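The following block contains the structure, expressed as structure tokens.
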Amino acid sequence: MEGIAIMTSGGDAAGMNPAIKAAADHAMHLGYEPFLVDDGLRGLIDDKIEKVSDHDVSDIIHRGGTILRSSRSKRFFEYEHRLAAYENLKKRGIEKLVVIGGDGSFRALNQFYADFQVPFAGIPATIDNDIPGTDYCLGVDTALNMIRQSVDSIRDTANSFRRAFVVETMGRHCGYLAMASAVTSGAEICMVPELEYDLDSIGERLRVKYQGHPNFLIAIVAEGCNMSDYLNRWIGDTLKMDSRLTILGHIQRGGSPTVRDRLMASKFAVGAVESLHRGETCNIMIYKSGHFGTLPIHKVADSQLEMDPALVAMCKKLCK
Amino acid sequence: MEGIAIMTSGGDAAGMNPAIKAAADHAMHLGYEPFLVDDGLRGLIDDKIEKVSDHDVSDIIHRGGTILRSSRSKRFFEYEHRLAAYENLKKRGIEKLVVIGGDGSFRALNQFYADFQVPFAGIPATIDNDIPGTDYCLGVDTALNMIRQSVDSIRDTANSFRRAFVVETMGRHCGYLAMASAVTSGAEICMVPELEYDLDSIGERLRVKYQGHPNFLIAIVAEGCNMSDYLNRWIGDTLKMDSRLTILGHIQRGGSPTVRDRLMASKFAVGAVESLHRGETCNIMIYKSGHFGTLPIHKVADSQLEMDPALVAMCKKLCK
Amino acid sequence: MEGIAIMTSGGDAAGMNPAIKAAADHAMHLGYEPFLVDDGLRGLIDDKIEKVSDHDVSDIIHRGGTILRSSRSKRFFEYEHRLAAYENLKKRGIEKLVVIGGDGSFRALNQFYADFQVPFAGIPATIDNDIPGTDYCLGVDTALNMIRQSVDSIRDTANSFRRAFVVETMGRHCGYLAMASAVTSGAEICMVPELEYDLDSIGERLRVKYQGHPNFLIAIVAEGCNMSDYLNRWIGDTLKMDSRLTILGHIQRGGSPTVRDRLMASKFAVGAVESLHRGETCNIMIYKSGHFGTLPIHKVADSQLEMDPALVAMCKKLCK
Amino acid sequence: MEGIAIMTSGGDAAGMNPAIKAAADHAMHLGYEPFLVDDGLRGLIDDKIEKVSDHDVSDIIHRGGTILRSSRSKRFFEYEHRLAAYENLKKRGIEKLVVIGGDGSFRALNQFYADFQVPFAGIPATIDNDIPGTDYCLGVDTALNMIRQSVDSIRDTANSFRRAFVVETMGRHCGYLAMASAVTSGAEICMVPELEYDLDSIGERLRVKYQGHPNFLIAIVAEGCNMSDYLNRWIGDTLKMDSRLTILGHIQRGGSPTVRDRLMASKFAVGAVESLHRGETCNIMIYKSGHFGTLPIHKVADSQLEMDPALVAMCKKLCK
């Protein structure tokens, strides 16, 4: 029986576990022998590869993070370590790979294919939602709902005191989490790397709105803006509201996967195994304009990240 | 200033409150005066209509159900009561309606338009996800996540005892909630009105799988199958597993709206106000194949409900 | 090194896993070698006993149910099977037992002590909170909070429709879950096996309160009353409100243990290991009037279950 | 009918809303006319006092924060403003006060009693759990469970990467939240203002435990230690683990009150109204050694804050 190995790589994201389960189940369904790689690329090199037992994946669909753990491996950039990885696969009859992670991981496996012709199928998973070519990456919906719960909790206090809160979300280059959170939490201010903001104009808008009787105020700021501290002080100084800063940090990465993440995980995983089964070699699973499909890795690299224009339009009102 | 009235009608669903807020905000943004109708069609007749104050909608985005309450009204079938409703609107200068609800409500307002030429825009909201012409209705994602939390809780017990659980979800004619829940909770059995099932074949599949050592088992059954009790006993008799029945009931309707429901609510609501602003008369907001759009009410009536084929394929494996 | 075996027995309850971890940690701390018994009494007989590795318990504190699974075993009533269990312990040098479960399990181990002089310490765990001699059993707080989330969700719908809901909780002989839930969810009606109710008087009270304009209504009924169906119809017939029945079922058993259950679990578990370390033989851990202590099993059997009188007083207002 | 006014004051805490409801209900039950004061002491001065309608409190039991809002008022230190407050009460026939808040608020009302002989009953509410004389303050259980959810989410990521996380909780002088969270989240390090720590000894303990193969590591630090940043770097430098800092901030204050907070709120509130009804003047409600009672305000001031010794003992193992 031909082997398919399943691994997670790069930053962890909710939805990885249901994707592991669905990939293993569908591989078995199509007559493959599924294997699990522990510790990502590092585990490929260090031979942490085991056959899937039913027990391994029967109770993981609801768990956050990844049971396979993940890692970032510098050694994989060197041929000798990739060769070791290849030999670990070969001796077990593993001829195909499913990798759940970000585009850095996909590029690493593309190089691996160039070296040893081991085809892979990539499943996009990162809470930043910043992989070009796909509208959705696993983990985003769960991250958004974790942020929602935190902001709804903060709102209880904000409302009790007519106070302002600045909430910093993850997102170095991509403000998707901050934008979607701002629109869905009734925030009055949103700052993300992609959009220009105008504090004078924001101040004027809120002064007109509050007419001297400020309600509570929530501002959502993406980490990549480096503006959380400044905005927090600005609200105190300019709007004369007591303002508190909260940095959500890794709370956003965890949590039991939402139904949407579980469903997307199933579809991506079935798609990945099908792609390998059809003999395709270096494809990334995508969800674009409402449709599932695949995109060769070199086209992902050429794609531009496209932000939902309706969401952008709603956020622009919160930047000025 | 021209008035726009916003109302909820039919069964309540999470996402109604953020839709109310977004519709009121966008109406104001376009220069309309927004009103809120309490108690649905009944409130139109009984004149429970008030101008929106900022206070009314500033803190509702995270609440389940509908702050406007809803109702089903037989009186609205009679011309004299519709006339009363019309006069209530007219005396306030309300010339347009946004209605958030199901297709029964849309048909009622279509008749109202035929009588008095008051245009409306409909926002689909029902946890059954059974309005033809749109892939998504407000409330579905929240309902699915409420079911998920319940099933994940039951799983803790199931796993502790190697026991079986039959979980009945809502859904009289449409098994969407049950299908999506089955696939995302690792259920082994799924029964919905749309798909044929074969208990003999299910029994055989599970006997082969368990080989005399049954793991825990979760079965998801849509209300409309009327099979929950029977299946519960069948598992005990045929699979020789201790099986327990849970009927989720109205737990599924409530809960704070998820981010997806809040985001869809915003987009549907902005779309509805824009549609009225363009002078359109009896349009329903839809989300179809990944795109937002509008559909005239008469085309909704003509549409067939289309179920996601990938989801159906995954469920068919659980029906036999 | 002397061995201590840890097991769960009877119905599962949240808090069992943190108790397992705390007992294993404290046993190690005092120089014992901890073992885990899988499958409860059945596992003792069938020799499912393993040394604890750090990996086994390092990540279980937040999981619902019990990782050791539980069971009810009729074979344990027979001497020959208890002898087999004894030999399984003896060959591993296990001389003491920590059992987490209900009073049935405690009695079984008391017999085991009479036969083979293997001392045990019992940790009360059952969501029914019905073990005499202790005010608290593990799992109760988590169960109450699971019920709370369900009832709060139902309340969203109830409030949207001015509708009534009857919610059935677990509890065959003991109405603690129903009473505490009724008081903390703003229910208007509560029915439990311990308290008499008077439907005429309830009807009169609510008619006066609603004055023809009923608000929403929540009624909490313990399973053991067998009154859920009847009350549901009675509300429709007598109060003329649309009423829906929800049966929570095993949702109440699961869920991640609350902080209170984790904290009580730690204290009970440390107490259990300390009790065995002091050479005590058949003690149950208790929490009584705000203090932790131990009670010999024969005194548990003699104790009366005492219900919190302040809670009873608050509930009596909801029974008439 | 004699009036009783209910107010919240100081920092907000979950459990304030159920306490408001229970106090209003019980005041009515005993024949008083209940009033609600908006905005705390400031609202007393500025005459924001209204009769309770059933609508006001019928749907608040499950909401975080306080519907009455809270405030800190410097003006209340001046006699003229207290006089204004007194006249606002007098003109409505309000002769008694229930205040839900911290000891600063209690002292302010004690002065108010000295001035105008308006008796009050205080309900301790602060997530810091630092009011002497009582073992429990409203809001603590909810805060702990909010922290739990955040830490459990972080654990998903920590576990995926064998990474360390430093989590800062609230608590300037009192480390109760941090201590209870550390013990119930399986943390390996806990730092609070009350306990000395020894980083060398902690390092040695963890090096022995991990033997070069570190598992994930969670450290909980109370705000008042000012050690979060330092510890985060120390873990990287000394234990050679990748470590991330999370500052929970006001997430801890919000969230729907847990059952324990709702139940304590009911009992404290009933106790407060009963105390006033008996003619007592400046009593604080307490829960001490498992019993509810009252303590005159001057005795609260003289009391020492006592920390649960079993909890302290468990934490001491995490400080060295």
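We just call them A, B, C and D in the order they show up, numbering each chain from 1.
Keep this in mind: contacts are C-beta pairs under 8 Å (C-beta built on N, C-alpha and C of every residue); 3 or more make two chains touch, one makes a residue touch a chain.
Please read all numbers here as calculations on a predicted model, not as lab measurements.
K.L.:
Can you tell me the least number of steps between subunit B and subunit D, where a step is a move to a chain it touches?
P.N.:
Minimum step count, subunit B to subunit D: 2.
K.L.:
Does the subunit B and subunit C pair touch with the same residues on each side or with different residues, judged by whether over half of the numbers are shared?
P.N.:
Same, since most residue numbers here occur in both copies.
K.L.:
Sharing over half of the contact pairs with A-D by residue number is what counts; pick that pair out of B-C, A-B or C-D.
P.N.:
So the equivalent interface, with over half the same contact pairs, is B-C.
K.L.:
Roughly how far is subunit C from subunit D, centre to centre by C-alpha average, rounded to an integer in Å?
P.N.:
It comes to 28 Å between the two C-alpha centres.
K.L.:
Taking the mean of the CA coordinates per chain, how far is subunit B from subunit C in Å?
P.N.:
36
K.L.:
Distance between subunit A and subunit C based on Cα centroids, please, to the nearest Å.
P.N.:
39
K.L.:
Provide the list of subunit D residues touching at least two other chains, using ranges where the numbers run on.
P.N.:
152, 155, 159
K.L.:
Can you list the residues on subunit B that touch subunit A in the complex?
P.N.:
18, 21, 54, 58-59, 61-62, 135, 141, 144-145, 147-148, 152, 155, 159, 180-181, 183-186, 209, 215, 256, 258-260, 262-263, 266-267, 270, 288-292, 310-311, 314
K.L.:
Which stretch or stretches of subunit B touch subunit C in the complex?
P.N.:
Against subunit C, subunit B makes touches at 8, 12, 14, 63-66, 69-71, 146, 149-150, 152-162, 165, 244-255.
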